[in-house]
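Presented below are the structures under discussion, each in the form of structure tokens.
Look for chain A in each of the two complexes below; its partner is chain B in the first and chain C in the second.
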Partner chain A sequence: MPDFLQYMGNVFEPFNFLILLLGTAGGLILGALPGLSPTMAVALLIPFTFHMEPTGGLILLGSVYTATVAGGAVSAILLRIPGAPANIATTLDGHRMVQQGRAAQALQLSFLSSGVGGLLGVLVLIFFTPVLAQWALGFGPSHLFWMAVLGVTVIASLASDSVVKGLAAGCMGLWISSIGYDGVQGVHRFTFTSHLDGGIHIIAALVGLFAVPQVIDMLARAPGRSSAASVQRHSLWQALRQVAGKPRTLAIGSVVGVIVGLVPGAGGQIAGLVAYDQSRKFSRMRDNYGKGEPEGLIAAETANNAMVGPSLVPLLTLSIPGSPTAAVLLGGLLIHGIFPGPDLFTDYPDVSWTFIDALLVGQVLMVVLGLALCRLAAKVILLPENYLAAAVMVLAVFGTYSVQNSYSDVLIMAVLGGGMWFLEKYGFGAGPLVLGIVLGPIAEQNFVYGRTIATAGDGVLPYFFTGTLNVILIAIIVASIAGSVALEIRARRQREREAAS
Partner chain B sequence: MKPLQLLERRFAALAAAVMMMTMVAVPPASAADYPERPVGVTVAYGAGGATDFQARIVTMMSAQEDYLGQPIYIINKPGAGGQRGWNDFVTRAKPNGYELAAYNVPHFIAQSIAFPDKVKYNIGNLEPIANWGADPAVLIVPKDSPFDSARDVVEYAKGNPGRLTVNGAGKFVGHHIAFLQFVRAAGVETTYVPHPKGGAGALKDVMGGQVKAGFNNLSDAFRSRDNLKILAVADLQRHDFLPDVPTLKEQGIDVDDSSVNFRGIMAPAGTPPEVIAFLAERVPEMFNNKRRVAKKMKDGGSPLRVMGRDEVAAMWKERQAYLTELLKDLVQ
Partner chain C sequence: MKRIADVMSTSSGDVLAFVFALVAASASFAGDDPAAYAFPQLISALMLIFCGANLIRRSLARFAGEPVLTMQLAGKIAPGGAVIVVYVLFAEDVGFYLSAILAFFALSFLYGEHRRLSSIGIATGAVVGVLYLMFSVVLKVQVPREFFL
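For the complex of A and B:
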């Protein structure tokens, strides 16, 4: 019997299962609130786990992590406010479906595909960990740089009306990301006020750029109106069939999620976007992407959750946290005297396998609870917009402040949000801008870091352009750009033909 | 009513609601009954990081009558390598004993030297209370590296000027200080590669062979010792965790303990002397709690080193003088 099945019973002990249930339900709710990210939810819980048994503590942390990632889709879909960077792609088709009265369907599809991705991700963690750990170590600064460049190619998919405006917004994002203290070079950049010393935190940017323009628009419209006219009922059976009928989308989502999740430092945040972009390129429905196409939603959510399991591989086997959330989990392990590393599963099989089993069962619970909450959650959009706007604004301020206990972050959020409202009026999207903020540091820091190493070695060009992994990544980038260009040309021809006829 | 006016009125109501939420009443304090309510400790690094994690362990027994008699709570204010939290602390914390902070030496002292116009704190406007931990830097190389001792590393660096890459968590942190001391003592020319993701990322890149060597935290390298070679400790004596690893000094490279990452508790200058005296007496006793604190620190692989107020004050002064001299070429 495989090890992970042997310890499965521990998860179903009454106390452990109660914790798992509470963690999953709480995580879904925390994740659904704009501004509360998985990292923060896990960090908030660490002190509570001090006084718990190691198994119970880890089950709590694991289930909350799993559920917040999936819960982030709720506000992304219903309010077009991504709870975490991972959910940016979810807003694209998800929110459009809401406007079409398909909120219930969007939430059902989101939870089901989250579950598929999540389960696959944990299974990868269970079966391939030792192989993958070595693989993850192979990623150096040049590869991370190319991964970030690959992320940039997604902009063409994000900017629905104009690629040029999308690129311009992306560049603004890149510039914003360079603000603050740079620890690599030990210099302060663009910090004319001390509020900017800490840089622009991604959560403050996300809340500001997405939530604030939304709130202003809601308040500007007539009071008493709600943002969607109706929520059509949608049968669960149909949702299941729709998800099961998209094996290619699920596969692309899972594979992208697993790979991006594994690479330490790539941040997992771009998994949803890359999967969305790739599945669009391979899809027959590609022209419907961005207009409420369920496939886009399924691709993004599968990838987001497929990332969770593999993102723990470097932590559990090498004791190296690959993401901010993993760093917080490391603290949760150490407090109980459990040292992650190659011997983790032989030294503490009961604790570590129970933890992984809890992730597995947590995925299933997350789907069940999420689906149960769908109908209720979807009703939120029937509220009059003026009340909804007030509630969102309070959450936005509260969430932004609590990330770093910083009033500066609240100011940054408000300023970015105000600016974004004007930019949106001129056709610039928040998506490409946030992408710039997310990818800017990864590209820049890894380039600088890689260049320093390369200068001491064989030179910058061979360092970035030779080696199997570099070449593979560059090939994917070229293919991705070529794909975008081909799609653009086809779309333009079609428009011309329609105009001519 | 015009839409714009409507908008304005709703914003006013919204702003009022947000303001009300942020108002908190502060009761008056008197030094004689200190402490009569919980005490806050600002940590200038994120939740879950090593400083945060250790701060939570060493303050967990605070509510006992023998110690403070009141619980300690942690507030994380991360950003800019600690500068944001500490700047906030010296400019805003009330010197009443209820607002304390955790320090990291050499970080905060090095920053106060490197960024005199950005950083508002220095050893002059802070009062040490007690030290709880000391994490020395260690010289590490990949598992399959040809280097087996610090001397091998120096030999290679001498034969190949500028080609030895050594990484660490960033600039003006313990790893960087250890590197500067190493280069100076060995008389070699090598390249320092600060890692954008801090110590954990740097450690990973040494394991993966992206760089030839690195300076990293003893506690983190200790946990990963099966995937690395630990060649030397940058401290005055060998460490209990790694009794077989010699110091740099033993290998003929004259590096002292200036890069050791000391962690402890401090108060803002102007805190009443009786409050400081109370804390300076009780806090080290709390850190020394054998049953819970010392055990948890040991379980977590975090080296405990308790030092009293006078000893810390002397250490701060010594670092200030030495780092001013060491960093003078790097600071314009």
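For the complex of A and C:
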């Protein structure tokens, strides 16, 4: 009998199953709240697990991690505020569907595709752990640098009025990420005020850039209700058929999610974006992307959740966290005296396999509870916009403050939000800016490491621009930008033709 | 009511982005530690190129575009913007819960359809109550309290 089946019974022990149920339900709710990221939710729960048995503690952390990623889609769809960076791509078509009165359908598609991606991701974790970990370990600083650049360029071509505006916004984010203490060289950069000494925290940036412009827009529309009048019930059977009828989109989302999840340090934030971009390029409905196309939503959510399982592969086998949340999970393992590595499955087979089995069962629970929750969640937009705007604003302040107990974060959140609202009016997207801030430290760290290695070797240019993997990544970046420019030119010509006729 | 052309040009956002890029590049290239500033220099140079290209593209566009920030819009969001600014600036001194009550009540009242004080009061109490339960009871976050709780 395979190891993972041998320990499956442990998951259904009453206490473990109760923890799994509570973790999944709680994770969905926490994930749905703007500003409460999966990383933050898992980090906040670690002290709670300290007094539990290792198996129960890890089940709680794992189930919350899985469910918060899926739950983040709720606020991304209903409010256009991603619950986590991973849900940025979900906003593109998900919120459009809400504006078209298809909130229930968007939420159903989101949870169903999350379930498909999540199950596949955990199966990869179970069956391909040793093989894939070896492959991911082969990534060096130059590859990780290009992966970060790829993440920024992909969204730059999606979330702004034009590619050049998207790339400019992505650069703004990368530059903003360099504000504060530089951990590599040990100097303070661009700290014009003491509030910037600690740099720009990702949660402050995420909440500010996504929540504050949304609050101001809601106030501009008030009094009124967000597209509440057009919210209708949607058949679950129809949603199931719709998801099942998109095998290509599911395949693209799953493959992209698995690959991105396996790359240490890339994090999950680019999985949804890359999958969305690739799905659009291969789709016959590509012109509808960004206008409420279900395929875009399915691709993004499948990838987000397919990333979760594989992101734990390098963590469990090599102690290398594949994402920020995996890094927090590493802390959770260590406080229980469990040291991940190649010996984990021989030293602690019961704990490690029960944990992985719980992730598998958790995917099913996540879909069931998510579908039950989405009927309630869809009612969120029935709230009058003045209440919603006020609630989001006070929640943004509390959520931002609670990350580091820092009032500077609240001020940074508000300033970034105000500036973003203004820039958004002129066609600059928040997505590229946020992703620049998220991936900036990864890009810079690997740029610096790569430069150091290159200086001792053949030089900077050969190090970053030669080698099979470097060339493949650069080619994908160039192709992604060129493809988006071509699509933009085609769309502009079409608009001009329509205007002329 | 006059439209945006009176307040801002249709491309002031593009100009602002270019100015930001210019400031970022100046600050990056003024840094005295070449190793620490190499990455910001590379990024700010790229940002300057993209923002410059965007500005050129904008100035060459045949259609200037519709105004986006009208006097009407500015007038509509001004009271809410003022409440948010005051809330964010003074929440730490006044206390998070009291300032949340005041900000929630003010925003709900200013932008409400019917402005029923009782409904707004109930909504304010419910939202701040949930915040208290979540952050102070469950998550044990030590928020600035000052005059309240």
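The rule is simple: the second predicted complex is superposed on the first by the 475 of 501 C-alpha atoms of A that agree within 3 Å, B and C clash if a C-alpha of one lies under 4 Å from a C-alpha of the other, contacts with A are read in each partner's own complex, and residues count from 1 in each chain.
Heads up, the rule we're going with is that a residue touches a chain if its C-beta (ideal position, glycine included) is under 8 Å from a C-beta of that chain, and two chains touch if they have at least 3 such contacts.
Computed from a prediction, not measured in an experiment: that's the story for all the values here.
Chemist: For the overlaid complexes, name the partner, chain B or chain C, with more touching residues on chain A.
Modeler: Answer, by number of touched residues of chain A: B.
Chemist: Could you say whether A:281 touches chain B, chain C, both of them, or neither, answering first, second, both or neither?
Modeler: It touches nothing on chain B or chain C.
Chemist: A:386 contacts which: chain B (first), chain C (second), both, neither?
Modeler: Touch status of A:386: both partners.
Chemist: Have a look at where A:162 lands relative to chain B and chain C in the superposition and call it first, second, both or neither.
Modeler: second
Chemist: Check whether A:171 is in contact with chain B, with chain C, with both or with neither, and answer first, second, both or neither.
Modeler: A:171 contacts chain C only, not chain B.
Chemist: So, does A:189 touch the first partner chain B, the second partner chain C, both, or neither?
Modeler: A:189: touches chain C, not chain B.
Chemist: Could you look at A:220 and tell me whether it touches chain B, chain C, both or neither (first, second, both, neither)?
Modeler: Both chain B and chain C are touched by A:220.
Chemist: Which partner chains sit in contact with A:414 here, chain B, chain C, both or neither? Use first/second/both/neither.
Modeler: A:414 sits against chain C, while chain B stays out of touch.
Chemist: With both complexes superposed on chain A, which partner does A:426 reach: first (chain B), second (chain C), both or neither?
Modeler: second
Chemist: Please work out whether A:395 is in contact with chain B alone, chain C alone, both, or neither, and reply first, second, both or neither.
Modeler: second
Chemist: Name the residues of chain A shared by its contacts with chain B and its contacts with chain C.
Modeler: Touching chain B and chain C on chain A: residues 44, 184-185, 216, 219-220, 223, 386, 389-390, 393-394, 397-398, 405, 448.
Chemist: What residues of chain A sit close enough to touch chain B in their complex?
Modeler: Residue list for chain A touching chain B: 40, 42-44, 46-47, 50, 137-141, 180-181, 183-186, 188, 191, 194, 197-199, 201, 216, 219-220, 223, 264-265, 314, 318-321, 324, 327-332, 334-337, 339-343, 386, 389-390, 393-394, 397-398, 404-406, 408, 441, 445-446, 448-449, 452-453, 455-457.
Chemist: If you look only at chain B, which of its residues touch chain A in the complex?
Modeler: Touching chain A: residues 3, 6-7, 10-11, 14, 17-18, 21, 46-49, 52-53, 56-57, 60, 74-81, 83-84, 87-88, 114-115, 118, 162-165, 169-172, 190-191, 193-198, 200-201, 203-205, 207-208, 210-211, 220, 223-224, 226-227, 296, 299-302 of chain B.
Chemist: Residue numbers of chain A touching chain C in their complex, please.
Modeler: Within the complex, chain A touches chain C at residues 44, 162, 164-165, 167-168, 171-172, 174-175, 178, 182, 184-185, 187, 189-190, 212, 215-216, 219-220, 222-224, 384-387, 389-391, 393-395, 397-398, 401-402, 405, 407, 410-411, 414, 418, 422-423, 425-428, 443-444, 447-448, 451.
Chemist: Quick check: in the complex, which residue numbers of chain C touch chain A?
Modeler: Against chain A, the touching part of chain C is residues 11-14, 16-17, 20-21, 24, 27-28, 31, 33, 35-40, 42-44, 46-47, 50-51, 53-54, 57, 68-69, 73, 76-77, 80-81, 84-85, 87-88, 91-92, 96, 100, 103-104, 107-108, 110-113, 123, 127-128, 131, 135, 139, 141-144.
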